[in-house]
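Next up: some structures, all given as C-alpha cells.
Here chain A shows up in two complexes: once beside chain B, once beside chain C.
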Partner chain A sequence: MKRTVDVNIPLGPIHPCFKEPARLKCEAKGERIVGAEVELGYMKKGIERIMKGRPWQEVMFLAERVCGICSVIHNMVFIEAMEQISSIPVPPRAAYLRVIANELDRMQSHLLANFSYCYTIEHETLGMYLLDLREQVMDELERLTGARVTCAYMIPGGVRCDMPRHNAEILSGSLDRIERDLRRYSGMFADGPMIALRSRGVGILTKEAAQRAHAVGPTARASGITTDGRLIHPTYRQLGFVPLSRTDCDNYARVMVRFDEIIQSISLIRKCLQDLPKGVIRGGGVCKGGETRYSGEAPRGELTYFIKSDEYGRIVDIQIQTPSIMNIEACCHEMIIGADSIADVTATFVSADPCIACTER
Partner chain B sequence: MTILQQIKNKVRARSIHVAYVDVGSCNGCDIEVLACLAPRYDIEQYGIFVHNNPREADVLLVIGAYTPGWEEKLAMVWEKIPPPKAAVAIGNCPISGCLFNRRESFVDPPVKKHIPIAAEVPGCPPRPTEILLAILSVRDAVFANWEGEHP
Partner chain C sequence: MSGYLYEKDLVPQKYRILVSVRHDKLVREIASELEMPVQELRRYLIEHLDMILLENLPARAEAAGTKLSDNGEVATALGKEKYTLFIPILPVAAMDSIFRDVNERVRTGIPVAEAVAYGRAQIREALRR
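Let's turn to the complex of A and B:
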C-alpha cells in the first residue's frame, strides 16, 4: 500500500541529545510521526569475534568493555557463567559484595539515564542535580572496587578486594545523603508541571505492545510487566528482592521506575551491609570446560551470555544478548509512532535508555 | 601582537565549543566526557561549552577505535568544523585501539590516520579531570595568536 509521507526526518548519528551514534529515520505527516526506523552500525567492533579462542582471563576484561555504562553486570554475568560451568562455589561474603557493587553500578546507570532524559527535555537544572548525585555514587563505587568505570571487581570464586569496616560505615553514611537528595529530586520530577507536559502521555508503550516487542528492564516494568532477572539470582532471593512496576506506560513512568529502582537499590545495599557475613572473599577454583547459558539483570534489562569453553578455560564460543536491542525495537516501532512532534521523538528515544555500544558490540 | 589580537586571544580563551564524536568505543570514555559537565568538574567554569554540533565547535573530542561505519563520515564531521580547530583523542581506543585492536576485529585504529589529532589522553577510561586538562592545554596551544600565525 502506498503511504503518503510529508517529510523524512533523519536524526543523528551525531545529535546533541544522543550520547552515542544512532540514526533515527522518522517519517512525518505534518508534525505527527507515522513511522520510524533505526539505523545502527556505527559502533560494531566485533567483540565476540575477538573473544573466541582466548583464555577467560582475557575475555573477562573484554566482556567488561562490551558496555562502559553497565560494566559491572557484564563482568558479573560472565564470571557467574564461568562459575556455573566449572561449579566453583562463591563465599557468602563475596556474594554480598558482588550485590553491593552491582547495585551501585545500577544506581549510577539509572542516574545517568534520568540525567539524559532531563537534559533532552531541557530541564537542565534537574539534570545537573542528578549528574552531581551520580558523582557521589561513582565515589562509592571507586572506594569499593578501586576504579570508576571498568573495575573488573569480580573473579571466579570471589571478588578482588574486601571492604574494611570503616569503608562500610562511610558507604552507609553516603547512602543516607544520596537517598535524602534523591527523594527530593524525584519529588521535583514527579510534581513538576512543565515536566509533566513533556512526559505524561508521551511515548505510550502499552502492555500488549511491550510484550509484542519483547521489551525488557525498566521499559517493560513501566508498562506493567513485572519481569526481573534478579528474581532468580540466589543472593537476591536471600535479600528478599521484589520487582517494582508501574502502569502509566509513558515517558514519565519509565523515568519514575528508574527513580524507584535507585531507592530500592539503596535499601538492598543497606540490607547487604547489615547482614554482611564474615569470612574469606576468595574461595579459589579452576575454570573447566563446558557450556552454559546464564542471565542476569543489567540496568537496562535482561542480559544473557551463552558460553562454551574447553578444558583449559579457553572460550570456544560465546554469544551475548544485550537488553537494548529489544528496547530500541520497542522504541522505534511502538513508542515513537504517533508522537505529536519531533521534539518528543528524541525525548522518547532517550527515555527508553538505549545503549548503542552494547547493542552492536 | 596587535591590540586586536590580544582582545581576540582573551575572548577566545573563554569560549571554546566542544563537540564529541563516538567512533566505536565501549561508552566508558563517553560517560566520562559527560561527567565533565557535572557540577563537581564544571567544564563551563572554564568557558568550555559542550554543544555536540560540529558546525559551531572548536574542539572535537574523538572517542573510540574507528569502526568501518565511520569511514568518510568522520572526515566529513572534521571538515564541517570551522577553523581554528583541534581534535583531541580521548582514551586508549583512538590512540592504539586498546583491547579491540586484535585479530578478527573490525576496528581500524589509530584515528591519527584519518584526521589530524592535536592531543591524546590515554586511559581506559581517563578521569574527567584529565579530559578537562587536555582541552585546556589545547586551548592555549592551538587557539592563542591564531590569526598571527595564519594571515
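Let's turn to the complex of A and C:
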C-alpha cells in the first residue's frame, strides 16, 4: 500500500547542478516540498574584513574579487561610491564606456545563468549554444577592457583605457551576430514544449512574497516588480532606459526576463556606440574621507556598498549587500515551497541565478 | 580522520552574521523595540532562522519600512506584519491572537500605549516559549 512519509532531503554542498557549494535541506511530504533551509559557509572569503584598513587602490581590486561572474559591477559600484564620497566628476565618454562594459558583463552573466538553467532541466544542446554565445561576449569584454574577468576597468574619475574606432566597429558587428543567434535560441526556449513542462507554473514567486523578501533583479522583475537600479543612474537615464518585467512569476518568466534583458543590453550598447561623446576618458581626482551608501544594478539585481573612508582614502568600514542574498532567500523560503517534485527544486534554485560567491563575500 | 563537511554546529557562523555592523544595528533596534535583552534575541534568531534568512534580515527590515500596509495604529506599533511576514520571528496565528487581545483592551478603554506595551510583553512571552 502506498504510504506518504516525511523525509529530509539534503541537496549539496556538492551537487552536479550547483555551480558553487551550498546545502539545501528540503523537508518533503512524499515528493512535495514543505520547507527548506539553507546552510552556507563552505567558501566564506571574509573579504569585507580584508578590505578594512586598506587604501582604496587595493580595495578596488578586492571588490571585483567578490564575484568572478559579475566582477565589473562590483568594480563600478565601489568606484562610483568613492567618486560620490569625493565629488569626483566622470567625463561623458568614460561614463558611456562604463555602461558598455557593464552591459557586456550583464550579457555574459545572463547567458551563463540561462545555460545553467537549461543544463539543469537537461536541455544541454541549448545550454551549449548559450555558452558558445557567452564566449563571444567575453571576447568583446576582453577587447574593451583587456581581461575576461576582474578587469579593473573603472577607476575614480574615468576608465582605464579608451575604445578605438575599429574596436567599436568590431563590437558593433559582433552584437549583430549575437542578437541574431540569441533571438533564435530564446525562440527555442520560449516555444519548446518539454521546456515548458519543466518551467511554466514551476517555482512561483508572487509579487507580495518577492516584496517581503526584498527580491531584486530579474527574479523580482519576473514577478511583476519593475525595480531596477539603472533607473536612477545618470548615464542610463540619458540613454532612456526602461526596465523590463513579466508577470508569470515562474521559472520560465525568470529565464525569459534574462533573454529579454540581453536584447535590451545590446540596444543600450548600440546606443552608447552611436552617441559616444568625444573627449578624455580620465578626468582625475583625489579620493577623500566620508561615508556613503551606493547601489548599482548588478546582473542579479541591486548591489549595495556601505563605505566609510578616512581623509587619505583608506577604507575604514565596508559592508556589501549582494543581490544573491535576497534572491536565494526568496527562492528557498518562497519559490521552492510547494514544489511538486524534488526535480523541480534544483531547477527552481538555479532559475533564481544564485551566486554563492557573492553571498559568501 | 577529518569530519564531515556538513552537519556542523552552525551557531558560531550564525553568530558571526548577527554581529556584523548592519545586522547588529538591526538586532539592537528590534531588541529595544520589544524591550528584551539583545543576547536573548540573538539566541532566538540563531535557533529559529536559517543562515540565508539571517543574512537577509537587514534587507527584509528595509522592505518592512517601505512596504508595510496601513493596518492601523495598533498593528503598526505592535509590528503585526513586520514580525510575522518581513522578519518572521513569530507565527502569524500567535501574532493574530496577541493583536486581538490588544484590540480588545483598547476597545475597553485602556490607552493604546498601555495596550501595546501589554502586547509586546505577550510577544516576548511567545518568543520565550
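Operating definition for what follows: the second predicted complex is superposed on the first by the 356 of 361 C-alpha atoms of A that agree within 3 Å, B and C clash if a C-alpha of one lies under 4 Å from a C-alpha of the other, contacts with A are read in each partner's own complex, and residues count from 1 in each chain.
Basically, a residue touches a chain if its C-beta (ideal position, glycine included) is under 8 Å from a C-beta of that chain, and two chains touch if they have at least 3 such contacts.
Predicted model, so just to flag it, every value in this text is computed and none were measured.
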| item | value |
| --- | --- |
| First, second, both or neither for A:Gln321, with chain B first and chain C second | second |
| Which superposed partner A:Thr150 touches (first chain B, second chain C, both, neither) | first |
| First (chain B), second (chain C), both or neither touched by A:Lys29 | neither |
| Which of chain B and chain C A:Glu329 touches, first, second, both or neither | second |
| Which partner, chain B or chain C, touches more chain A residues | B |
| First (chain B), second (chain C), both or neither touched by A:Phe61 | first |
| Touching partner for A:Ile69 - first (chain B), second (chain C), both, neither | first |
| Partner chain in contact with A:Pro10 - chain B first, chain C second, else both or neither | second |
| Partner chain in contact with A:Arg293 - chain B first, chain C second, else both or neither | neither |
| Touched partner set for A:Gln211, first chain B, second chain C, both or neither | second |
| Residues of chain A at both interfaces, chain B in one complex, chain C in the other | 13, 41-42, 44 |
| Residues of chain A touching chain C in the complex | 10, 13, 23, 37-42, 44, 48, 211-214, 306, 317, 319, 321, 325-326, 328-329, 332-333, 359 |
| Chain A-facing residues of chain C, complex | 5-6, 10, 13, 20-22, 50-53, 55-56, 58-60, 62-63, 67, 85-86 |
| Complex contact set, residues of chain B against chain A | 19, 21-32, 34-35, 37-40, 51-54, 64-65, 67-70, 73, 77, 98-100, 102-107, 124-125, 127 |
| Chain A residues touching chain B - in the complex, by the definition given at the top | 13-16, 19-21, 41-47, 49-50, 52, 58, 61-62, 65-69, 71, 112, 115, 128, 131-132, 134-135, 138, 148-150, 355, 357-358 |
